[in-house]
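Structure, as structure tokens:
Naming follows writing order (A, B, C and D), and every chain is counted from residue 1.
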Amino acid sequence: MFILVNLKAYACDPLEVAAAARDVAHDSGVRIAVSPPAPALSRVDETDVETWAQHVDPIDPGSHTGSTLAESVAEAGAVGTLLNHSEHRLRLADIDGSLSAADRAGLETIVCANNPRQVAAAAALSPDAVAVEPPELIGGNVSVATADPGIVEDAVDAAAAVDPDVAVLCGAGVSTGADVAAAAELGAEGVLLASGVAKADDPRGVLEDLVSPL
Amino acid sequence: MFILVNLKAYACDPLEVAAAARDVAHDSGVRIAVSPPAPALSRVDETDVETWAQHVDPIDPGSHTGSTLAESVAEAGAVGTLLNHSEHRLRLADIDGSLSAADRAGLETIVCANNPRQVAAAAALSPDAVAVEPPELIGGNVSVATADPGIVEDAVDAAAAVDPDVAVLCGAGVSTGADVAAAAELGAEGVLLASGVAKADDPRGVLEDLVSPL
Amino acid sequence: MFILVNLKAYACDPLEVAAAARDVAHDSGVRIAVSPPAPALSRVDETDVETWAQHVDPIDPGSHTGSTLAESVAEAGAVGTLLNHSEHRLRLADIDGSLSAADRAGLETIVCANNPRQVAAAAALSPDAVAVEPPELIGGNVSVATADPGIVEDAVDAAAAVDPDVAVLCGAGVSTGADVAAAAELGAEGVLLASGVAKADDPRGVLEDLVSPL
Amino acid sequence: MFILVNLKAYACDPLEVAAAARDVAHDSGVRIAVSPPAPALSRVDETDVETWAQHVDPIDPGSHTGSTLAESVAEAGAVGTLLNHSEHRLRLADIDGSLSAADRAGLETIVCANNPRQVAAAAALSPDAVAVEPPELIGGNVSVATADPGIVEDAVDAAAAVDPDVAVLCGAGVSTGADVAAAAELGAEGVLLASGVAKADDPRGVLEDLVSPL
């Protein structure tokens, strides 16, 4: 299982979460990455945690003020990027373009989607992985794998029907080891989580619990 | 073959094109529809031509100022709608939402896409049809079926692999009966065209030529 | 006072509201206009009510699929257009471009804004009028002129400081003649309203009440 | 005069330009800042050059994936931010919101605009400065102060009429000391430039020339 901690634009200290994630990944052998805001990428990368971007734009190097160039996040240490998060939805053509940009810069990719139908569409664009996250469960206390296990299974089936090489992750409401175990049981190869770690009083403790069943 | 004439925001008279399309469709037995700007839908529909919208938004009836509600275009006489034209690209989630809105209002749907990969993604959302239109050929003098026949064949294959019930159309540069014949030869079930008719001195003559090989 | 009824994308019958507005305007001598969805413009205009668009795009005639051309809404009978409604906010440069497009097509313009600072900015672009509508009061039961009279006075002052030729309207929560009278008292030259009429059981009765103090 | 070097998403080495700008600013006493892509902010700041962001979003800390939080760029060392660059145009309400966010994080602000009318609108939102940059001259070889001196004078007058406390900068095509002198002559308090430095073979030499008349 792959655990990706999305720090969004939370008021947390990215370096504290990064250090905890690095340590728990090291101690457990579980793959854990942290996705901070773009201005914090290089400092997070210096902690030696696996570092991901939250977004890259469908652009080549050039005259693009205020955009996020794939090469810029790679130079800052990112090895992968989320795309089309429900808080930053992209046009279909721009997901395609951002995947090309990420590929050009050597970034791994996870395209988020709201439901199995959109998961299939995303899988058709050949990212490394897709993630199903029902928007109504994001930020809540109930894990997608508990609240709506069918959506995870349907997402796994939908992606496999289009391209069996595309991994499926799930997210929304994930905060415990039991949630991770349930996601794995349903066929997910990883989980996205955010507030469960980023807003926790004890991020390290939450991360240790998350990997405990693995 | 289905011939859809997109009038975009051209300075042409929508009613003149509509009358010509109605007559040529009647005389030839070929299905021809006209897609005018939203404010002209009801007047175009009164000519008895098959009338399509150029876009509908992913909204339910309610507090949405300046948006295009599927029910509003249906009440004005539209029986179908284009979505995600390269001049009006939509977010993946909004294509999904607009398809639901169109379905709710009983509208047939064609989702446009730039290349076979995006065609596959669009097909995964289960529209009635997808249309491949390479942006660099739109508005030009060379038909997609001539300039890049492989892209049409690849689009047909890509859609069929995802959902064989989704028809494939092609567009960009189509303006003659030979273009329509070439598109049919490559597996397309219809063509989108715009400037070839809308900017023609003799739209009726162009339409007669378009249907001549069918 | 100018009363503009924005029908948004409500499920109401635009023609019923239009007929009521036409009659009440005629009987009272008060200027009342109706702003329906774009596909209903020409049918609303046929009722002989003053007809406004909800939005026009910053485009010239040409290759723009799914956009709203100023000339198209004018041909459908609109004599004016709202711009930058809080449900359809525009880029600063696009408000400027849409005002040019509206001017080209002979349309009167009202630019909406959330607060007096944005009202001043909008007034600097020289529309015919600006309208202050606090987003948090839109769709509610309390009129802006009652809930926050200071915002209306500040908007009137802010616009006058930038360009005294720009009229100021107000909106949000307006539904009674007392609301209209309060708005006039604060210096507004008109009101925008929507749900108060569009969702009323008796739109004609509401309109008669609205004009009663004038 | 204030010289702001916008590195956009150019393929240049941000640290090389930053070191040159720091040295030339130190040696000449002229204020020079560098605005790199967000992922490079902290490394640029470590060179001790004055560091600016290219954009911040109109958001508070919280659930915003892939957005640019004002506090995040400030923590990375930025002391100011561009807003509404012609390559990243913002909605009027979002310029207002981004200015509030920048203010909250203690960032200085420059709002870009295309013409004197939009300059006046931007000035009404009370940024620290506005910058007039005709889009058709951006990236070219002719300075705005040479190609269209009237637009700079009109922008200075337009801003002063709305708020005399808002400084006016100009940009587009600036690449020599003569351009800077001409801009100062027309009333500008600073210049924005990009390709003139970022794409130069010898950025340090260009910067030395830029400050030579000051």
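In this text, a contact is a pair of C-beta atoms (placed from the backbone, for glycine too) under 8 Å apart; a residue touches a chain by one contact, two chains touch by 3 or more.
Owing to the predicted nature of the structure, the values given are computational and were not obtained by experimental measurement.
Visitor: Please state, in steps, how far chain D lies from chain B along the shortest route of touching chains.
Guide: The distance in steps between these two chains is 2.
Visitor: Could you tell me which pair, C-D or A-D, is linked by more C-beta pairs in contact?
Guide: A-D
Visitor: At the place where copies chain B and chain C touch, is the share of residue numbers found on both sides over half (same) or under half (different)?
Guide: Because over half of the interface numbers appear in both copies, chain C and chain B meet with the same residues.
Visitor: List the centre-to-centre spacing of chain C and chain D in whole Å, with centres computed as mean CA coordinates.
Guide: Centre-to-centre distance between chain C and chain D: 36 Å.
Visitor: Give, as an integer number of Å, the spacing between the C-alpha centres of chain D and chain A.
Guide: Using C-alpha averages as centres, the distance is 33 Å.
Visitor: Find every residue in chain D that makes contact with two or more other chains and list them.
Guide: Those would be 86.
Visitor: For chain A, which residues are in contact with chain B within the complex?
Guide: 84, 86, 89-96, 113-115, 117-118, 120-126, 158, 162
Visitor: Write out the stretch or stretches of chain C touching chain B in their complex.
Guide: 6, 8-11, 37-43, 53-55, 59, 61-69, 71-73, 75-76, 78, 82, 85-88, 138-139, 194-195
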